[in-house]
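So, here's a batch of structures to check.
Each of the two complexes below includes chain A, the first together with chain B, the second together with chain C.
And then the complex of A and B:
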């Protein structure tokens, strides 16, 4: 077979295709972030200029003064609580699901998937009824509960995958070596699961951090998280401040990506 | 090899299983298993795949549920106890080390979970690692160990717990031939530390013969025979055991009133009592030799010559017409090899022939 024929049979796309794909990636992912960065420091940016007329860090300095600060605290507190509680609930659920076989496993996985797949508005409406009945409608507790529901569903599926691959032989051997069930859990299972637990916490955090519709519906607008504040700024036409808020929203996601990248490099699982 | 211990006083047993019933799979599972392992003794459980060898070990360890029967470890009834209370350590086929702990921490694990601290623990870890010749490996990370070293650390960890019984599931089968000796001697060395009873499961009869004082053959849900290797390999008690061992040849015969058995090899005297009627005549290839054709002695025609690395054997056609069979005869080193088609006489070692009613 000739070299040319071999090349035709290759599954690697040609240079032009690769360049086009890279361009699409940049446009859909990096360009919006770049725009936000520019907006956040623009002193005035009028059509048809390609770049802002003057630059100012005013909006960044204003973070400490405005409603954004308390919104950041509220969001962070909710996200941390969601991460911890959802992880603690989803871990045993995922483990139980992984032990099921046949139709029971499918039903269980579908039940966990339901809050993940449901449109947040539909889910929120249902949860709001429950929150009102429980007397926590419009409170941070009610919103926390609303965030935990989809997070538990998502993380239960995550742990279902983890435990399907988990080698239970280490636990069995620990038991016969004299460890009680509790000792086995704390000294063997949890340390072996450290990495998936950290990943699950990050995902749980992001699920709560990015939540909008559930917060709005169940919190009734009284619980002001960062996404709600950013939306308010966008509606008010505060371009600079909303750009700053939007960038702040991005920070945990970027941190999680970087952390994951670092962790996988350390364990040599990521491609070089 | 130490003396075999077939007779045990009740207090002497490291492990005693009495009429154990263990369900597994779709079939009846283990229906009636009784077995005793003495202190310092090694008993190998062999049997066809899927017969429940691993399930038996797991049931003893408390990792698989049982339906009926008793398990005694060190004279104590542990049937209703949790795995950690049974004093029997179970080792998986491939060693399972705790990857978040160092070698020394792995070996110290059974002591730590019992609340032991300090110098005493260090001393015991050092001794256990010494028994498997890994004294200097304490600070190493588990992932830096070779396959054989992992096995040895797992063994050291289990003897650090000082259990009355060691349960080893296929301890050698995942290893290269070159590593088998290493792990085999580590098992013996570990056991010599304080003489626990060891029950090991294997599908390899050579491993069983090399390691075990006694071999238990697990067939159809129960122990078909327990015997020292030499005895088992020479005199299986039943046709089923002989067939499982796979080293015997079998031909049809008919026992008469006088205790003589007629078969393609001629008329043979039954070594043991067999009832009148059809019997299976069972013998090892080395129970049959070839010699010169003699009147009155069975004759045979050489059908094929089988050359193997360690031995040569001849495939012989013996008997006439309906009462004929093919048998394989081992040619001893230096013995005469007949050509295909040659007529030869057949010499039978009567001690090497077993008969079972069918």
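And then the complex of A and C:
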């Protein structure tokens, strides 16, 4: 069938509609990010100006002196640790869940989804009690534990999706040819799973990097991550510094998303 | 290894993931009954009965569901519209889908801040309206921050979650057979009829789990609500933090009852989500 005939038969709207929608889409999604950039360098931006009166890089220079620097380190360390640990825990669980059939599969998937669907503030209430009992309340270790909980749930579902489509014949052949379980894992399974593992780590990173309520509740305000600092700046009406903080949060997240490249294509689960 | 013990190990793993939530539910339930936590005085249902009898609790629940419903409906409609409009595998359509996915990477706290800067009465939309001469002063701009209908929060969350639903919808469209649509068109159905009677029903089955996830995610989100939601009625996540920091120490335990309500909302979403997913996911049997 020719392209023109295909187009006529499909449900894709006409050119004018597409152009209008494309314009709206670009404005609605990209203009807010552009506005953040402008706020971060605005010397004063009063109503009703559509553009800042003068530009200054003051707020960017102030990063080094402010609380944002240590918050970046704290957030990055937590996010990287969450990505690695949650991925290592979720992979075997997701694989095991993918083998289940019938009611067991539903119960397993529902259990993994529970920490993802639980409102963070309510989930944090329980995690706080556990963290305090373990003596890690208000510490970075306690917050790391709190970030890992929803991340493992999310990634277990991610790997459940991955392994539902996974072909185990290559592994079986390797074992038949005499490879040990460890050799099979390192030489066959891991290379086959490289892409989903990278994607899972990107998702795990994002879950921790953007986490707010769990950090606040379990960290008791003592563990200052970037989202907490940005929240405080927005609340204080420090527009320029807030915009800088928001961009510092956004850029690694966009990079992770780009690296992720449609990870959700594999599995339709929950928002990151 | 027998398949039974392997199955059991898988379920133990899943139980470990759920354990912190279950422990949280158990603790919140015990604290609601006054047997643990601040001001514990043995099991007595007084607190539970009192909080569940308060108007603020049910107004908060209703308001939370309203905002979540508006945000989810808007996000779903926008995601399906954009995904269907830019569904081709051309470079342009791919670029449009990539641009639309940007809010996926935006943390909720940043989305909330953007909501304030854009929707406030002196925000970007108001400035634009002044520029085109539709309004003259901030007071003429309809309030969308701390507004009693919660529309500012709903719009902000819709913007944020739209991207996630778009990615899911776009993925569904690439795997979906176009035969059915082509057959409908060949048999004389117009484009709109084809979309409404064929494309949408097929999409909806795959999209439903993600829609449920978005609904409960919006309902539970805290930071954007703290920046945009009004103080009356109060959405449930804000009500939890308000009660937990109540100047009246005896009321602080009330936060556990409201937490319990939120957790119940999450648990219901899990059951409905799994039911929706089961109706769609091929189990390979």
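Throughout what follows, the second predicted complex is superposed on the first by the 243 of 272 C-alpha atoms of A that agree within 3 Å, B and C clash if a C-alpha of one lies under 4 Å from a C-alpha of the other, contacts with A are read in each partner's own complex, and residues count from 1 in each chain.
In this text, a residue touches a chain if its C-beta (ideal position, glycine included) is under 8 Å from a C-beta of that chain, and two chains touch if they have at least 3 such contacts.
The model shown is predicted, which means the values in this text are computed figures rather than measured ones.
Visitor: Should the superposition on chain A be reported as showing a clash between chain B and chain C, or a fit?
Guide: Partners fit side by side after overlay.
Visitor: Would you check which partner chain A:49 touches, where first means chain B only, second means chain C only, and both and neither mean what they say?
Guide: In the superposed model, A:49 contacts chain C only, not chain B.
Visitor: Could you figure out whether chain B or chain C reaches more residues of chain A?
Guide: C
Visitor: Between chain B and chain C, whom does A:174 touch in the aligned arrangement: first, second, both, or neither?
Guide: first
Visitor: After the superposition on A, what does A:114 contact: first (chain B), second (chain C), both or neither?
Guide: A:114: touches chain C, not chain B.
Visitor: Between chain B (first) and chain C (second), which, if any, makes contact with A:92: first, second, both or neither?
Guide: A:92 sits against chain C, while chain B stays out of touch.
Visitor: Applying the document's definition of touch, where does A:129 land relative to chain B and chain C: first, second, both, or neither?
Guide: second
Visitor: Using C-alpha centres only, what angle sits at chain A with arms pointing to chain B and chain C? Round to the nearest 10 degrees.
Guide: For this superposed arrangement the angle is about 100 degrees.
Visitor: With the two structures placed on a shared chain A, what shortest C-alpha distance in Å links chain B and chain C?
Guide: It is 9 Å, taken between the nearest C-alpha atoms.
Visitor: Provide the residue numbers of chain C that touch chain A in the complex, in ascending order.
Guide: For this pair, the touching residues of chain C are 3, 6-7, 9-11, 13-18, 20-28, 81-82, 84-88, 96, 99-110, 112-114, 116-118, 122, 124, 126-128, 130-131, 138, 159-161, 163-164, 167-168, 170-172, 174, 178, 181-182, 185-186, 191, 194-195, 199, 206-207, 209-210, 213-214, 216-217, 219-223, 226-227, 236-237, 240-241, 255-256, 259-260, 262-263, 265-267, 269-271, 273-274, 277-278, 281, 283-285.
Visitor: Contact residues on chain A for chain B in the complex?
Guide: 167, 169-170, 172-181, 183, 187-188, 191-192, 194
Visitor: Using the touch definition up top, name the residues of chain A that touch chain C in the complex.
Guide: By the definition above, chain A touches chain C via 8-13, 17-18, 21-22, 25-26, 28-30, 32-33, 35-36, 39, 47-50, 92-93, 96-97, 99-101, 104-123, 125-127, 129-130, 149, 152-153, 156, 164, 206, 209-210, 212-213, 227, 230-231, 234-235, 239, 242, 246, 249-250, 253-254, 256-257, 262, 264-265, 268-272.
Visitor: Write out the stretch or stretches of chain B touching chain A in their complex.
Guide: 61-63, 82-84, 86, 88-92, 96, 98-100, 109-110, 112-114, 157-158, 161, 163, 167
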